[in-house]
Amino acid sequence: MKNRFLANLLLTFIWVALTGSFTIANILFGFILSYFVLFIITRGSGRARYFKLVPKLIGFFFYFLYQLVKANVQVAWEVGTPKLHMTPGIVGVPLDVESDAQITLLANMITLTPGTLSLDVSEDKKVLYVYSMYITNREEFIRDIKDGFEKRILEISS
Amino acid sequence: MEVLLAIMVGTLYASGIYMILRRSLVKLIIGIILLGNGANLLIFLLGRIAKGSPPIIPGDSKVFLEAYSDPLPQALILTAIVISFGLQSFAIVLVKRAHKVLKTDDLDEMNATDEYS
Amino acid sequence: MTLDNYLYYIILPALSIAILLVFFRFFKGPSISDRVVAVDLLVTIGIGVIAVYSILSHQPTFLDIALILALIGFLATVAYSFYIQKRKDRDK
Amino acid sequence: MTEQLVIYPLITQMLLAIVLMFFWSRIQWQRVVSILGSLINLGVAVWLFVTVWQGGTLSIQAGNWEAPFGITFVADTFSATLVLLTSIAGVAVSSFSAGSVIPARLKFGFFPIFHFLLLGLNGAFLTGDIFNLYVWFEIIIITSFVLLTIGGEKAQLEGAVKYFTLNILASIVFLTAIAVLYGLTGSLNMADLASKVAAVENRTLVQVNALLFLVGFGIKSALFPLYFWLPASYHTPPSAVSAIFGGLLTKVGVYALIRVFTLIFEVDPFLENVLLAVAVLTLFSGAVGAIVQNNIRKIFSYLVICHIGYMIAGLGMMTEMAITGAIFYLIHDIMVKTNLFMMSGVIYKIKANHNIRKLGDFYADHPKLSLLFAIPLFSLVGIPPLSGFWPKLSLISEGWNTDNFIVIAAIIFASFITLFVIVKLWGEVFWKTGEKLPEVRNFPYFNKLTGIKKAQMLAPIIFLSVVSLYLGFGAGNIQNLAERIAFELMDNQEYINTVLSK
Amino acid sequence: MKTIILRTASNYMLPLLLVFSVFILLRGHYLPGGGFVGGLIASIAFVLHAFANGLGDTRQLIRFHPGFLMPAGLTVSFLSGISPIIFAGKPLMTGLWYPHHLPIVGNLGSALFFDIGVYLVVLGVTLTIIFTISESV
Amino acid sequence: MTDTIIGIIATLGTVFVLLAGVGILRMPDTYLRMAVTTKAATLGIGLILVAAAIYFNDLSTTTRVLAVIIFILLTAPVGAHLIGKASYIKGNKLWEKTIMDDLDGKYRKTGKNISLPRNMDHDKEKH
Amino acid sequence: MLSAILLGFIFSIFLVFAGKYFKGKLAVLSSLVPLVLFLYFLSFIPQVASGEVIRANYQWVPSLGLNLDFALDGLSLLFSLLITGIGFLVFAYTAAYLKGHDYLDRFYGYLGMFMGAMLGLVLSDNLLSMFIFWELTSISSFFLIGFNNTSEASRKSAVLALAITGSGGFLLLAGSLLLGGVAGTYSISEMVGLSDSIVQSESYLWIVLLIFGAAFTKSAQFPFHFWLPGAMKAPTPVSTYLHSATMVKAGIYLLLRFTPVLGGEDIWNTTLITVGGITMFYAAVHTLFRTDLKGVLAYSTIAVLGLLVFLIGLGTEYALTAAAVYIIVHALYKATLFLVTGIIDHETGMRDITRIAGLRKVMFPVAIAGFLAALSSAGMPPFVGFIGKDLVYESTLHMGTWSIVLTVLAIATNILVLYAGFVAGIKPFTGTLPESFSKVHLPGFLMWLPPVVLAVLGLVVGLFPGIIDGPLIQPVVSAVGIDSELHLKLWHGFNTVLGLSALTLAVGFAMYFLIKPSKSKERGVARFDFISPLSLITSFGSAFRTFSNWWTRIFQNGFLRNYVSTIILFLVVLVGYSLFSDHDGIPIDFSSFSRMTYYEMIIMGIMFLAIFFVIGARSRLTAVVAMGVVGYAICLMFVIYSAPDLAMTQFSIDTLTVILFVLVLSSLPKYLSISDYKMKAIDGVLSVAFGILITLIALEVLGEPVNKEVSNFYADNAYVMAKGKNVVNVILVDFRGVDTLMEISVLTIAAIGVFSLLKLRLRRDDRELKD
């Protein structure tokens, strides 16, 4: 998978060198182009993972953006209206992700979306304590996170 | 604008001295830092200020084509900032040690070396 | 209205107001954490101000400062929280 | 490329400092390297001095950027002389440190810092750039902080807090003065500033600027009423440190004052009055302070302050002869004060005490040493024809010539008190039958030390005593030197022309 | 601070910051940056690592005492400062330049080595100070 | 055209930043302030930076802008997490309308002053 | 001649190294040194008597006008002979007196040094070199008085003597320099020719007063006389040599030497007559109340010194001749008496006149010497003392209106001097020998011969005044600037003077038999000690010490805040005065300033608020965080004002400082707010004044024209010559690279300092400073 990525980068670089144009657009174009070229020339499941990953990554990115914007709008409404409607609380979310990197990524994603905040991870790395502004139901909140960010992180990283 | 900056410099000097006079070790250091900032800004101000024209020769040209702000005070301040950093670090540690050994934060209690022996 | 004017008369004042609001929180506290959060936010908004200012003065150079701010401002926050966790209740 | 010679003293000291840092905890190596290096540095300083004496002012432009654009180093007779004196004191104190400073301190960078201090001093004497002078001053103060606190004993720390604060204050004032100077002239090169400052129309601002420099350097020189850091701290560090402090630290402030007020600013009547008033009060306060002290090093500390007054009086009168006196005094004072603090160190090693009320018996127990110590002591007093006497001739007669009777009175008063204090000290420490001092456990008493250690401590005292004797008996030569320096200072054209290569 | 979040993040940031610091160092002659800021960023990288992982780990990572960087850096700067005296008979700090243009660095000259020395010293100094302080709290 | 895009993106960013400003002022407790604001700003600043990148439209600026954004995304949540945790340990009160606290008792069992390593070098302290 | 002077110094330096071997015989041999010199000077008598002045010149510090110019005229010769002649006897005497003393070598060393100095003093024709030797005599005297250095009284007396004569020395220095400046030369012989212009110069009064100060202190004139009785703590040879025969006469020498230069004016004569008169009478009266032999002699010495000053003040031919004679007279008999006293002290172990008697039985030659000297001091014919006294009365009688007063004064003094001479020279030997003295015996001839020689000389010279008249006295008088026809004679026939002499003797004898020295009288007069100059000077001394203490405490009071305030106050007053005094206002050119924008104002506003927040913060961390805000605001300011490098650096450093603070803060003390409101108000006013001053200076500087020559050079050459585009960086690593090199050195040193401050833990053994 790393090889694929490096090859992708190399091809991008060659493209940029050939065209002689160091603009961001050209580089992006070179990357996409070489990605497709690589996608086409690659066979076999082992090597194909790179090509499955990239769309997932992009998907993850847009999911994150969506969450970010959604939550921001929610907060905007909260902040912008005179009354406070929050029902905040701290919830311990049991974790399926195991590695430090996954936990960190998940926690950061949660924190990055307004309205929630990862406070701590338990010593045994089994529970993530999340502060949230809107909690109506503990289970629902946990499910949101597990089906949302955690699922996607598991997808891209395993 | 310069007027405001000059007042700012004066404020930094005044507050720096005021903090040094407060008998407390921690305030002493804060005072010294404020004074240092004041002196740096004074150099900056008196070297004359200019907006939006950093002294970096643009792109492909070999000399400045437009106005540029005076680089010399900036270099001087940089040196001064770095030196003050060295001094401040030492000061912070000195205060820490002094507090630990002398067991007081009150500078007024630190007058044994001026006593007659 | 040119972009410069728009940035100068609308965006920059808006950011300035944001800074003032945050600064007000810094003043009010009441807890040290609130102040640290406020300072952290100030630095973040500072990055935005620098970005706008670099557009206004046509100097991409200033973005380098934003880079440093983003990197290093974080460390101050780490240090503060380190301290808050560490210190005893002497301070109040 | 004789001009290269100007920075050789700097290169040797910096090299020494760096090399010694690599020898971090090998203290035996450090001792050897420091002493040998100091000797080499002395050789370089002599070489520089002789070259300047014979060939006139030298200057070199760092980075090969013509003045006033780069940083200039200049060795006129004044600078070369001070570099030479620094190197002499450097050799002496290096050896003295090797013998006297306890290993624990040596293992924590004593020698590298010490050579950084000498580097700073030499740099301050040689630079021709006002901001660069600030940087050298910072080297000096940071090294002095470290040397002052090394070991971190109670008194050291307490003294250091005061020393630190007031010296930082001095640096801030200095920096403020540089800011104003740059704002007025746009230049930092001292030779260039001479004409640029003269061309500034707003003389009030020039005077204000001069006063800022006066206060900034005045704190460093321990003038009245700016000297408080000195009596609070000079008696706290190891004697070797006191020696280099007492000999050179305040003098670099005096050097800067003399340089700035002869080259950049002219001393107008107001400044003259200020300088003279300050000089008189410095003489007075230092003298009066020395009377009431009982700690040997505190006595010397106050005398350091007191005697700065002579030099400032010379500067204040601003005639060639008065400056001559100030310069001669400067030369004398560096040698003698360094020696006296080393002397107090030996006394301490022998008796484990600094209090003159408790000390005693020195003459009976150590007649030869007493005789040796009498040389710096009575040189300090200025018993003619010892070195302290000669500059007073110039100063007092210039006092008469310029009708500064109060200055004369102050000079005489200070001389008298110095005499009295030293004589009292002699009576107490050397003549008196002292108290039976309790044996301090594990104290490295002098007689327990190895012969090498003893030699390392005594040789520099003998060396500096010989130098002071030469200053006294060879006063003709020193007077010539001082006159030449004064001439060059008053008529700064050679300096300016050399730097700006006109 | 015992938090895996910070620890993980810091492990990723360390190489990032180090590379970034070298970048800042090398471009200093052309754009804002240089040895000083570069050195600070590098040291901040290690400090961050130490905050997250404890000083012991960071020390293991660096292997030698950071204090060693100070004389090393001083040597580099000092030698590049006096190299013109030794090699060209010119005053100290006179720029000596390699005649050809290099990528990234641009012109290779004594000034760059000087700046590298600054970088090393700043790194050494900052780490020494911070490590010493946190060891003795 | 570009100017318009820049204007819109910058405006969006500024709005978020402003929201953060209002939020930090209005919210009743430390956690809410953090939750509401800290990262609203992240989005806002990110947008403003993107605007700058579009404005200068060259590789080096764009890479720098990307670097800034990545740095912010990397550091901001970690920072927030740290302050949040620190505040909780220190005992900053939760807002009165808070409905649950799963962390309750997790730290305070050991007494009011949670015992934390005095030393940054906590690994070393074990042995 | 230089070698003659140096001989003494060489001798003492030799002793430093060879001291160990200097014992017994060698000490006796060492008296050859003064003897050789004596003979050497003796050989000049013919030349000098013929009016010649022998000169020798050596350059020393020519640019200061200081050269070793020596001139041997009558006056110098007289003194040289006294110095070496009495020196010879004292050297010999000491060998016996201090026989076996541990520090004999030192003693001779000091003596040799003193002799050299004294010779240099009287031979110098250069005022400055004379001053040098003058000071050296004070110093050697100091060491000699303090010779018994374990005795506190000795030490105190030595310090007192040096304090008085030393301060006189400084007056001489000031006077010499002033005189040299007025005369344009330091050559004394040249000054004689310039006398008129010197006397008429404005500085004349100063010169005279300073010279008087020097002479009076050295020659123990009232009210500076009190150090001399104290100096008697020295071993007797010292008292003999320094404090009677030679050193105390240096002041007399000085006055005589300058009579032709400065004399003849009213202020000169009146002052000398008054001071000399008071001194001689005051001291003479004091001799009545002393029971210590040396005390008696000390006061009578002071009386004679007063008399000499008095005579110089009279300034007539008679008076000056009398002075010259009296110098010899006094040297001969007083030296004898001292030596005799020394012998008594040495043999009996006491000097208490009320308990010593009958010693003639055990030390007859000594008694002879004492007797002869006493008679000479009494002015009995045919002793030389008679001639001297005659001349004194002769001169007082010729003083016109004041002659009666002056004569009475002289007579009274002489009577008392007689009394003192008898008490010291005769009384110990008369009466019955107390039992306790039965074992007392005559010392070796080395001790008793010198006084005998001196005493006999007094008789011989009296009988044959021609021995001294032509060869010594006349040259002295002419050296003092008088063409004298006066010749010494023992017998002048029956005249007023003879009558007065007879009166003196009669009253003196009567007093000697009627008034016995007693302890009770001594105690009685001691009740008035509190108004004596000594106790006045002592209480002045302690008052001065108290004052010194107070003054030192006022400034060095231990409070750092006071130090800082004083410095700032000094700065504010000085700079403020300069700024406001010169013109009507402070010109600030507002038009040259740039437009204020809202964002700048906001940044500034935040910064102001943050600063006040720092000041008012109650918690350390809050203050530190607020400091961070101040730093970040400055950083933003650097951005706005085109200083990206600065912004970066400021920001990084600020953050690092915060980290440092945070790391140490928990081990730091509580954040104290200790000052009361009054202190805060005072400090506030001072700080604000300082801040306003800086602001005003800044604004005024901003109105001045700008010179950008240097920075333009940087901008133009940054790329072209230094191959860099970031000019600030180019300045840092190239144009001003030295700054940077030193800046990183500062950092390194600071780091080492931090390291050693925190890591260096001295072992308990090393805890107290050991180096």
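By written order: A, B, C, D, E, F and G. Residues from 1 in each chain.
Here is the rule we use: contacts are C-beta pairs under 8 Å (C-beta built on N, C-alpha and C of every residue); 3 or more make two chains touch, one makes a residue touch a chain.
Here the structure is a predicted model, which means the values were calculated and not measured.
> Where the centre of all protein Cα atoms falls, which chain's Cα centre is nearest to that point?
D
> Please name the chain that ends up farthest from subunit C once chain centres are defined by their CA atoms averaged.
If we average the C-alpha coordinates per chain, G ends up farthest from subunit C.
> What is the distance, in whole Å, between the centres of subunit C and subunit D, each centre taken as the mean of its C-alpha atoms?
The computed centroid separation for subunit C versus subunit D comes out at 48 Å.
> Averaged over CA atoms, how far is the centre of subunit A from the centre of subunit G? Could you give it in whole Å?
Averaging C-alpha atoms per chain gives centres 90 Å apart.
> Just the number, please: Cα centre separation of subunit B and subunit E in whole Å.
Chain centroid spacing, subunit B to subunit E, equals 24 Å.
> So, what's the distance in Å between the C-alpha centres of subunit F and subunit D?
Centres of subunit D and subunit F (C-alpha means) sit 55 Å apart.
> Where in subunit E do residues touch at least two different other chains?
1, 3, 5-6, 9, 20, 30-33, 36-37, 40-41, 44, 47, 51, 67, 70-71, 74, 78, 92-93, 95, 125, 129, 133-135, 137
> What are the residue numbers in subunit G that touch two or more other chains?
Residues 556, 558, 560, 564, 620, 640, 644-645, 647-649, 652-653, 655-656, 659-660, 663-667, 670-671, 694, 698, 701-702, 706, 708, 710-711, 714, 725-726, 728, 732, 734-740, 743-755, 757-759.
> Could you say which residues in subunit F touch two or more other chains, in rising order?
Counting only residues that touch two or more other chains, subunit F contributes 15, 22, 34, 37, 42, 58, 67, 74-76, 78, 80-82, 85, 116, 118, 120.
> Which chains touch which?
Applying the touch rule to all chain pairs gives A-E, A-F, B-C, B-D, B-E, B-G, C-E, C-F, C-G, D-E, D-G, E-F, E-G.
> What does subunit A use to touch subunit E in their complex?
Per the stated touch rule, the residues are 100-101, 103-104, 107-108, 118, 120-121, 125.
> Residue numbers of subunit G touching subunit B in their complex, please.
It comes out as residues 556-561, 564-565, 568, 590, 592-597, 600-601, 604, 607-608, 611-612, 614-615, 620, 623-624, 627, 630-631, 634, 637-638, 640-646, 649-650, 653, 656-657, 660-661, 664-665, 667-675, 679, 683-684, 686-688, 690-695, 698-699, 701-702, 706, 708, 710-711, 714-716, 718-720, 725-728, 731-732, 735-736, 739-740, 743-744, 746-747, 749-751, 753-754, 757-758.
> Going by the contact rule set out above, which residues of subunit C touch subunit F in the complex?
2-3, 6-7, 10-11, 14-15, 17-22, 24-25, 31-34, 36-38, 40-41, 44-45, 47-48, 51-52, 54-55, 60, 63-64, 66-67, 70-71, 73-74, 77-78, 80-82, 84-86, 88-89
> So in the complex, the part of subunit G that touches subunit D is made up of which residues?
Going through subunit G, the ones touching subunit D are 16, 59-64, 66, 106, 128, 131-132, 135-136, 139, 142, 146, 149-150, 152, 155-156, 158-159, 162-163, 166-167, 170-171, 173-174, 177-178, 180-181, 203, 544-545, 547-549, 551-552, 555-556, 558, 560, 563-564, 566-567, 570-571, 574-575, 578-579, 582-583, 587, 694, 697-698, 700-702, 704, 706-711, 713-714, 734-739, 742-743, 745-746, 748-750, 752-753, 755-757, 759-760, 762-763, 765-771.
> Using the touch rule from the top, collect the residues of subunit C that touch subunit E in their complex.
These residues of subunit C touch subunit E: 61, 64-65, 67-68, 71-72, 74-75, 78-79, 81-82, 85.
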